[in-house]
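As written, the chain order gives the labels A, B, C and D, with residue 1 at the start of each chain.
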C-alpha cells in the first residue's frame, strides 16, 4: 500500500528569484535544486522565478533549470510575492542597482562576486545590507570557494591555531582562455561591464580566500597589471549574447580595444605582518581553472589546488623531522565541513557542490537571522583591496594601503 | 510581465520507481533529479515512487530525496502505472527476483552492481532481459564508473587504437573500513546477503572496468582471497538497518563469523593475451575508495586514480623520447564525454555525476530502443569472472577459465 | 705554509677487484670511489683492478673509471694480492663460478643480483659463503634498492611496528625497453646467460625488497609469465659486446628466439598471512624504471615510487580521520638512514648513491666481521621464490610453496 | 696477464685549488672527483689543494675530500704552481678579493653564488674577468641549478621557441630553517658576511634561473622584504665555525640582531614584457629546499620542482584540447642534457650531480677558451637585480628599474 506522508511537517518554503541564467545561473540552479535534498534546512528553497532580458531565452532557461516562472524585467522579479530571496547572477555592472532594489523591497539577497565594479557601489550595497539586516534580511556575496570543504577545513585548522602566526600566503588563480589573440572581445573584456579583468574575476576570489583563511585583512598591496593582447575581434551580435563564447577565433572580424587587464600580480601585507603574493591571469597556457594556495605559519603549513579540490595538504611543524611531511588529507570524512550530509569517505565532490553548500549556509543564516559569511561587508573589503591593487598598479607599484580595514575577517 | 511557456514541448515523462534508499538510493536520486536539467533527453524522468520495508523510513527517504510516493512492498511499486522503470538499489540477494519481476511486468530496469550473487541468478536475469528486449524494454546494470568522464574517454582512446595491442592491465580497488577488527558484522559481511565481500563489491567494478576499457573479455584467472578478521561484533537490531554503519567499534558485543572475503587478489588473461592483475580490499589502511588502474599497450599507456577522477594520464609511445611523458589530461573539456553539458574547462565533477551520466545513457537507450551499455549480459559476464575467481581461490589458485566469454566487450 | 698531514692515521686499505665493467661496473665504480669521501669507514677502499675479456676495452674502462690495473682473466684478478674483495658485475651465468672461486681464494665478495641463475648454483654459493664466513670473509649480494634511504627508513618504520600486522604488499617494477618488437636479441633475452627475463632482473629486486621491508619471507606464489615478442633480430657480433644496446631497431637482421619472459605477474603469501601482488615487466610503455610499492598494515601504510626516490609516503592509521592522510616524507633529514653524511635537508640523492651506501655497509660488515645484509643466504632465498614462480607458471599458476623458508628476513 | 695501459694518452691535468670546505666545498669536491670519470674532458681535473684558516680543520677536510694538499692562507693557494683553477666556496664577503687576486695571478676561477655582496664588488669582478678573458682565462659563477638536466632542457625548449612569447614567470625558493625563533645567529644572518639573507642566498638562484631560462633579462622589480625574527641567540665560539649549525635552539644564549632579510617577495618585468613573481624565504614551514617554477608562454608552458629534480612538466598549447595536458617528462633519456654520460633511462640523478655538470662545463670552456655560462657578467647581472630589489623594498616597493640590462641572457 502506498504510504502517504500526511504527518510530514515540511519546512516552510523560501521562494528564490534568480536574475541571470548563464554559467553562474546554471550552477546556482543546481545548488538551489539539490540543497534541500542533501542538508537539513530550516526553510525549503523553491525555484520560483528567473529573470532575463530575452523572453525566449529566459523561458528556455527556466524550463531547462526547473524554475517555475520567467520574467524579462528584474524589477518584476523582485516585485513577486513568491520571491523571498533574490539571487543575482548578472555581470558586475548591474549588481549594485539590483541588490539595493531587492534589499529595499524586503528581500534577502545573494550576489555573485565581485560584489560590484567599484568601491562606491560596494559601499552603497554594504550600507543597504546593513539597513536591511536590521529588518531581518540577509545579504551574502557569492565567494563560493569558501565552501570547498577542503578550504572550509583549512579555515578551521588556521582558526584553531594549527599554523600559529602566519608568515606567508601565496595564491595563484590561473586560466588560459585568452592565450589565443583571436579570442573575441566579450563583455568580460570591457571595463564598463566587467569593472576589471582577471583582477576582478579571479583576483576577487583569491583576495577573499586569503583573508577568509587567514582570518585577518590585507592591509596594503604593491601591484602590476598587464593587458598583453590589446585588441581583439569584436563579437557578432549573435555571439554577444553568450556569456562564455566557445573561444573560436573570429579572425576576420574588426577589432576593438580590450579595456581590462589580462593578468595582475601583487605582493601584499596581512595585518599580522605576513607577506603574501597573488597572481591572477587568463594567459597561463595549460591552466584551465587552477587556484593554488599555500600558507606557511610558525607551527605548520597548508597547501591546496582547486584541480584536486577534495585534497588538503597539511604540514605540522611540531612533528619530528624524521616523520614530518605534507600529509594529503582526503577531505571526504564525515567530520569534515559539509561532508556528513554526503557520501562515505573517499567519494569525491565537485565544483558544483560549492553552490549547494553556499545555498545551505545562506538558508541557515536566514533561518537563524544571523550575519552571513561572507557578508556584503566582506565583499566591500575585497573591493577595497582590488581598488588598492589598481591604484598601486597606476602608481608604479608603490605600496598602497587598503582603506578602512577591519580587525579580523570572518 | 511573466513569461508563460505555453509553447513548450516538454518531452514525455518516464516514471522511475526505486527499490532501496540507502547510499545507492541517495546517489541514484541525485542522478534522476538532475539529469534532465543538464542533458537533453528524449524522456523526462519523474521520481514517481520508492519502496522499502520500513514504512516510516521509506516515507522519510521519499521526502528527503524528492520521490512523490512511497511503498513498503516492491511488488506494489512494480505494479504502479506511473512507474516505467524500476531502479534496484537493494543488496545483491534480491536483485534477481526484483529485476525479473519488473521485466516481466513490462518495465525497464536499472540494477545496481553486482548484477546478482551467483552466475545462475545472473543468467536468469540476462535471459529475462533478452526476452524483454524483444518487447522494447531496456535493462542496464549499474557499473557507474564507466561514466567517469576520464574513463569513458580512456575507452575511446583505446577503441581508437591509441594504445595498440594491450600488454598489461593492472587495477586495484582499495578501501580500509574493515581494518578495525571491531567494525561490526553488517549485511555486507554475510555471504547470504552480499554473495561475496570485497570481491563482489569492489572486484565487480574493476572486472567490468577492465573489460570495458580493453574492449575484450577476461578469459581466465588465478586467484587468492582472504578473510583476515574472521569474527566481528554482531550488530544490534537498530544498527542492522543501516546500510553503512559508521564504523563505531562495538567492542563488547557478541561476535559472529564473517562469511565473505576481506580481500581478493588475482592475475588474469585477456582474450588478446594481455596479462592483468587485480586487487580488491577493504583492509588497505589509508585508502578510502581508491580505484587505480593502468593499461600498457604497444603504442601507449593510460593511468587513472579515482581519488583524482577528473584526470587521465596518457603516454604516447610514438612521441620522441626527449619530450615523451605521461600527460595529465584534465578531462573537463567540452570535447570530452559528457562534458559539453557541464561547466567550462577546469571545473571538476564529482562521484555523484557518474549517476547523472548513467541516467542519461539509460534514458537515451530507452529513447532509441538500443542495447544499453552495460547490459545484463555484461553484468553476467562480470559474474562469470567473479565465479572463476572464487573457483580458482578454492582450487589453490590454479588458472581457471571463465565460462562462455564473448568475442568482445561493449 | 702548506699543511702536511703527517699525523694522519688513514684507515688500512681494502683492495677492490671488479669483474665486468658495463652499466653495473660503472655504478659500482662510483660507489667505491666516493664512499670513503662521504662516510667514515674502518677500511679505505682502493680501486685495485678490473677484469674483462676484451683487453682494449678493459683497459679503456679502467682508465675511465679509475682502476689501477686491468686483467683479461677473472682468475688472475682473484689471484692478485692487492685484491681483497671481488666485486662481481657479470651476467648471472658466471656468478657462481667466480664467487665460489673468490671465496675459496680467501676474498670477500660482492655479487650483483640475482645471486645466480638457478637455485642449485645459489645453494652452492650460499654454502661457500657460509664456509668462508667462518674464516672471517664477508659475502654480500647486490640488492642495492635496500639502500635507497627512503626504503631503509621504510624498513625501520615497519620493524618498529608502525604498520602493525601486515595485510597487503603490492609491488610493481616496470620498464619499457622491449616494447619495440625490433629491439635486438641481447644476452639478457637468452635463458642460458640471463636465467630468466624480467623475472630474474626486475622480479629479483622486488622479491628481495618485499621480504626485506616486511621482515618476513614469502611462503608461496601463484604466477603467470609471458613472452609477448617471441622472436627478435639477432645482434651483430660487434653489438653483442654491448651490455645495453641502445635499442636501435635492427629490422633487417635475421631473427632468433627470445627464451626468457618479457613479464611476470604473481600473487603471494607472506609468512604472516599477508597477501602480496608482484609484477615485473619490460613491456610497460612509458615506464622507464618504475619500481612502486605499497604496504598496508593494521596500524598504517607506506607507499614508494623509485621515480621519486627521495620521498616516502606514510599513513598512520591512529591519526584522527579528520587530519589523517598519506604524508610525503622527504627522506633527506640527518636522522634518516645514510643521510647524516650527505647534504642539508631537501637536497636530493640519486640512483647512484645506492651503490655508495652498499659499499659503506659492506665495508662496515668487513670491518666488524658481521653478517652482511643481504647475505648470500638472502640471495638464495630470493632465488627460491623465483624458482617457485617459474614452477607455478609452468603448472597453470597453481599455488606453489617456496622451499626452505626461514622464520624471518634480515 | 695484467694489462698495462702504456699507450694511454691521458688528457693534461688541470690543478684545482679550492678555498673553503663546508657544504659547498664538499659538493664541489664530489664534482671535481667524479667529473672525469663520467664525461670526456679536454683536461683532467686534479684535486691539488684546499685552503682554510683553521690548520687542523683544513687538513682534516683535505683528507676527507681527497685533496692532495692543504693551505691556511688562500693567497698561498693561489700562488701554487700546481693550481690552475681557483674554486671559491667561501661566504660572499670574501669573493671579490679572492677572485680578483686569482684572476690577476693568471688562474681560472669558479666562484660560488652570489657573485658578491654588492654591485660594486661584482662590477670589479666582472671587469677583472673581462681582462683575464683576453689572457685566455675563464671565470664562472656557480649557479649550479642551471645544470639540473631538467632545467637545462627547459632552457633548450624555450630557446627552440616551444613556449613562444613568454607571458608569465613565477618562481619560489622556500626553506624553513629559520622558522624556530631560537635558531642561532650564524654568519648567514649577518649582513657584513652574507650581504643579504634569503634574497642573496635563494633569490640569487631564482633570479639567475629565470633570466637563463627566459633568455632575457629582468628589467625592473617591485619588492617587499621582511625579517620576521629580529633577534636570535648568538653562537658560541665553537659553534660559529660550523657553516650550517644543526639548528639546535640555543635558548639561553644572549641574543643579537638579525641584519638580513628572512624573506623577500617581488614582482618583476622581463624585457619582453612578461610578468614575473619571485619569492625567497627561509620561513616556509615544511619546505626544506623547494625551488618551484612555472613559465607560461603563448605556445606552451613548463613547470618544475627541485624536490623532483628529474622531472620537467611541459604543456604544448598546440596539442588538441582533448589530449592536451602537462606531460611529466622524466629527464633521464640519453638525448637530454648531460644524460648521455649517465645511466639508462629512468635512473634518477641527485643534487650533487649539478656540481659534476658544472665542472664539466667549466673544463669544457677552459679547453676551448670559450666564454663560460654563467660568466661573471651574468653574476653581475643578478647582483644588479638584487640591488634593485633592495632599493625597491627601501622605497615602499615602488617599481625600480634594473641598471644596465643587456639585450639577452645566455
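The definition used in the following text is that contacts are C-beta pairs under 8 Å (C-beta built on N, C-alpha and C of every residue); 3 or more make two chains touch, one makes a residue touch a chain.
Composition by chain, UniProt nomenclature: A, B, C, D = Gfo/Idh/MocA family oxidoreductase.
Since this is a predicted model, take the numbers as computed values, not measurements.
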* Asked: Of all chains present, which has the mean Cα position farthest from that of subunit D?
  -> B
* To do: Note whether the interface between subunit A and subunit D is symmetric in residue numbering, meaning over half of all numbers used appear on both sides, and answer same or different.
  => same
* Please state whether B-C or B-D has more C-beta contact pairs across its interface. => B-C
* Rounded to the nearest whole Å, what is the centre-to-centre distance of subunit B and subunit D, using the mean of the C-alpha atoms as each centre? -> 54
* To do: Calculate how many whole Å lie between the centre of subunit B and the centre of subunit C, each centre taken as the average of the chain's C-alpha atoms.
  => 42
* Touching two or more other chains - residues of subunit A -> 287, 324-326, 330, 334, 345
* To do: Write out the stretch or stretches of subunit C touching subunit B in their complex.
  => 163, 167-168, 170, 172, 174, 176, 179, 181, 222-224, 226, 228, 263, 265-267, 269, 273, 275-277, 279, 281, 283-287, 294, 296-301, 315, 317, 324-326, 395-399
* Structure fact -> subunit B contacts subunit A in the complex at 1-3, 5, 8, 10, 23, 26-27, 29-30, 33-34, 37, 49, 55, 58-59, 62-66, 69-73, 76, 175, 177, 244, 246, 287-290, 306-311, 330, 332, 334, 343-353
* Mind listing the subunit B positions that touch subunit D in their complex? => 153, 313-314, 320-330, 333, 335-336, 345
